[in-house]
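Shared chain: chain A. Partners: chain B in the first complex, chain C in the second.
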Partner chain A sequence: MDVGILVQALVNGIMIGGIYAMVGMSLNMIFGVMKITNFCQGEIVMVSMYITYLLYTYLGLDPFLAIPLVALIMFAFGAMLQSLLINRSIKEDGDQNVLFLTCCLGIFLTNTALLLFSSNYRTVESIFSNQVMKVFGMNISLPRFVSFLLLCLATVLIFLMLKHTKLGKQIRATSQNPTGAQVTGIKTKFIYTCTYGIGAAIAGIAGACLMSFYYVYPSVGNVYGTRSFIVVTMGGLGNVWGAFSGGFVLGILETVGSTIVGAAFKDTLVFVVFILILVIKENLNIKRKRG
Partner chain B sequence: MGNAFFKASGLNVKYGDIQVLWDVSFEAEKGEIIALVGSNGAGKSTSVKTVAGLIRHTSGTILFDEKEIPGGNARAAIDAGIILVPEGRQLFPQMTVYENLEMGACSKTAESRKKETLEKVFDWFPKLKERKNQMAGTLSGGEQQMVAFSRGMMGLPRMLIMDEPSLGLAPNIVDDIFRIARQVAEETGLTILLVEQDVRKALRLANRGYVLENGVVNITGTAEELSNNEEVKKAYLGF
Partner chain C sequence: MKQKQIGIRTILLLILIAVLALVPLWIKTPYILGIFVTTFYIACGTIAWSILGGLTGQTSLGHAGFMGLGAYITALLTTKAGVSPWICMLIAFLAVGLIAGILMAPCFVLSGAYFSLVTIAFSEAFRNLFINWEYAGSGQGILIPIKKGFWQMRWVSKIPYYYISFFMVIIFFIILRSIDHSKLGFALKTIREDEDTAKAIGINPFRYKFIATFLSAGLIAVVGVFYANYIGYINSDIMDHSYSLNYVMPAIIGGVGNIAGPLLGSAILTPLSEFLSANLSSVANGLNLIVYAAIVIVVILFQPNGIMGWFVHSRFKKNVNKKLDAVDRKLFKMKQAECEE
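Entry: the complex of A and B
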């Protein structure tokens, strides 16, 4: 096989991996702080894609320029979901409630989108759309490349926020020890609301970027929901850096894999590798515990 | 007769259907150091968590400096000046010592006086100054307790509650913390409520104490009275 094609696939993988990393990170942030598994993260991405679509259709906003606005709207949307619904369903003993609630929310959002937008594919145009950059004989899709850069920038900003701002410190404190947070006067309920909002905003940034080279339809969330779970499981639940690298591994696996086994089998390949990773990881864990 | 500076009266607390506190009352004057003692599971932590607003009581009142403290609102208790140094320390393990201390300065006043308080804390515990950039989770138990106590002091408490500060620690470290606590109480009129399983340790610091058994306050008196009480001697002092 031509090495050039593999390198091209690798580069594409890294770029799509950035999206997976971002969605995985948003899921992990919510898990890390609130200890709940959010089963509607994919659908939150879908909502943000439709918002980007609406902003483009009615205001003519380029998806990349729309990012701050989409992030803001998604923050409000996430914070509202959390404070109106999720917070009220959290019980001390186990999280089955939240599990069912977020699953149902996902179904609800998908069907609402179906009702409002029908099942047709919707696309938007960015100034970068359909443009290709030639680097070392490789074809690099400009919208994907710009998305990748923006996602990297967003990630750095999120880390700086967590590290240095008062809210960021309070979020870290709450995630590390909720009791400790309470006795130092942190309003943990408020922190949970903010965290869910930030998680939705991060997913929203990924969604807006996606719209510059991909289309939206009501069940598109499935694609990103399952992938974000793979990413998070590979990288370790609650481990933000792990999710980040997991995203790239998954992206590369998909694109390189599909050039080797053919695009039709790429999902099969991804899931086989995912299952293998789970089995190997579990065995290592068992050995470590026994050893 | 006027009310005491701090007065918890008739506290009843349930976990689900199970009642664990029955009409528990205790009080303290300004600057006083009182102890809440009793064996494991007696309800000491539940009592102080209730006072600190981590748990809601089903009936009873908590009065602090003439104001009623609402149940189940940790932030309201803190804003009133009641700060809990919880059992098991409950630090933020992946944050530095400095960040842990910083988190303690939560109210507006505490935040505006963060620098001064921090200087005092580093004066009391020079070791914490040396380790201020180290992750709290990597400290020894004694150092962690110093951080927990100091994090509490960063909030400028008017009443400091310490839940089992001596648990699993070497006596000299506990003595250090107690010495500083007493000094602050004498200098600034800080009221201290100390929770201990070990009656002997508690009475080293406290002027007065309450003995809690199965969720009920049974015996109360000055440190001297308690150490001479036949029941206390038999049950807790090992005579």
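Entry: the complex of A and C
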């Protein structure tokens, strides 16, 4: 195998890994803090992609410039979803209800998109679209590179927000011990709403970046929904850097793996690796508890 | 305690079965019969799902993968080797049950959402493999040619399919009911409620989860065999994640963990979704699924235990029981204590 192709695949993997990392991080906020299994994460990314598309067609906003606006809209959307629907189905025992609810919500959002936008593929032109950068003989697509940089920046900002702001500290406290947080006077319900909102906003940033080089269709969320869970389980729950590195591992696994086993079987490879990681991790956990 | 005496409940049940068995005599429209057949096989799939998802509490979201495996087994064996679908049912039950059991065995340590994720991953991996497997038709799928006859399980009319699927529902329900009342069922329910307690009283969770997975996946593979021969064409789309939800939603609506839940849920949801897709999808694409999802969301929000979960503890059930007991006493001169199970 040509080393050049492998290196090129590696670079592409890092670029797409940035998106996976971002979506994974958005799920990490929701899954890690609230311990709810959010099976409509991919659909939230899809919604944000359509919002970017709408902003582009009606206001002429470039997807990269639209990021703050999309993040804001998605924050409101996520907070609304959480406070109106998901909060009501959270029970002390088990997460089955939330799981089914978010599954249904996914169907609902996908088909609403189908109703409003039909199943056509939609694209958006950004200033960087279709431009390619050449570094050391490797081709790097410019919109991917710019989104990669933006995502790194966003990750650092989220990390700082969680570490140093009051809201961030409250979120971390709630994630560690909800009852304890409540005792110290933190309004956990409000924090949950904020967390879901922030999670959706991060997904919004990922969606807007994705829109600059990818197309959107109603069931695009399927790809990112499962992938986001893979990222989170690879990197570890409740850990910003874990999700970040998990995203890159997944991206590299996908691109490098598809040059080795063939692009057709890359999904199988990803899922098998995912199952193996999950099982090995759980067994290690059990051993650690006993030992 | 249980009485073997015939009461009004048994008679009502027999009347219901008899009415359903006679339906094809006066409904001849293939479309309506088709809805019945769909309802029946979805009910079978939901019952199969609820062995693992309801009784054992391991929420699987990848049962479409196992159903697809069953469908592919019959499609390949009948078209390439000429094996009868009836034998395929047995082969699919054993083969898919074993495959699922062995593949999932390492994953039994996982709990809750992680188990669901693993099942999704398995079904997606199967789909990816079958979409690229040229011998199995790759993306084009397999068309099962029409060779009429009982042995081939192929008819032009829908009436034989109606009876086969109806018979399957009855058998599946009897299987579920006998599991529910057996030692196996109690072990599974103990695992669902608390795995550590189950271990402490000597139930081996691994062994029982294996049995539950074997039965659940094997039975849904039988549904897959029926589906393949009924539709006459399969491709890898039937393994899609969204198809798994077809077997999960009725159980949630009906009530997870209650043996009548899957039947009731699919009797409500499947005709509803057929009606919606016939009437609304022509008006606006996707509207039928929006309404469908909205209804399920509302039920999950306001009645998290499903319809049977509500019914078991409701005053309505008490009233119905009282009335039925009164009829029992009048007709069969039973004492009240006798007819209570």
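Everything below uses one rule, namely that the second predicted complex is superposed on the first by the 279 of 291 C-alpha atoms of A that agree within 3 Å, B and C clash if a C-alpha of one lies under 4 Å from a C-alpha of the other, contacts with A are read in each partner's own complex, and residues count from 1 in each chain.
Following the convention adopted for this analysis, contacts are C-beta pairs under 8 Å (C-beta built on N, C-alpha and C of every residue); 3 or more make two chains touch, one makes a residue touch a chain.
Just so you know, these numbers come straight off a predicted model, no measurement behind them.
Of the two partner chains, neither chain B nor chain C is touched by A:M138. After overlaying the two complexes on the shared chain, residue contacts for A:L10 are found with neither chain B nor chain C. Contact with chain B, but none with chain C, is seen for A:K169 once the two complexes are overlaid on the shared chain. Once chain A of one complex is fitted onto chain A of the other, the partner contacts of A:I186 are limited to chain B, with no touch recorded for chain C.
Of the two partner chains placed by the overlay, only chain C lies in contact with A:N283; chain B stays clear of it. Of the two partner chains, chain B is the only one that A:N177 touches; chain C does not reach it. Comparing chain C and chain B on the residues of chain A they touch gives the larger count to C.
Residue contacts after overlaying the shared chain place A:F100 against chain C, while chain B stays out of touching range. Once both structures are placed on chain A, no chain A residue is touched by chain B and, in the other complex, by chain C. Residues of chain A touching chain B in their complex: 169-170, 172-173, 176-177, 179-187. Across the interface of their complex, chain C is touched by residues 37, 85, 88-89, 91, 94-97, 99-101, 103-105, 107-108, 110-115, 118-119, 218, 222, 226, 229, 233, 264-265, 267-268, 271-272, 274-275, 278-279, 282-283, 286 of chain A.
Every residue of chain B that touches chain A in the complex is listed here, in rising order: 52, 54, 74-75, 78-79, 83-86, 90-95, 99, 102-104, 106-107, 151-152, 155. Every residue of chain C that touches chain A in the complex is listed here, in rising order: 59, 61, 106-107, 109-110, 112-114, 116-118, 120-122, 124-125, 128-129, 131-132, 241-242, 245, 248-249, 252, 256, 284-287, 289-290, 292-294, 296-297, 300-301, 304.
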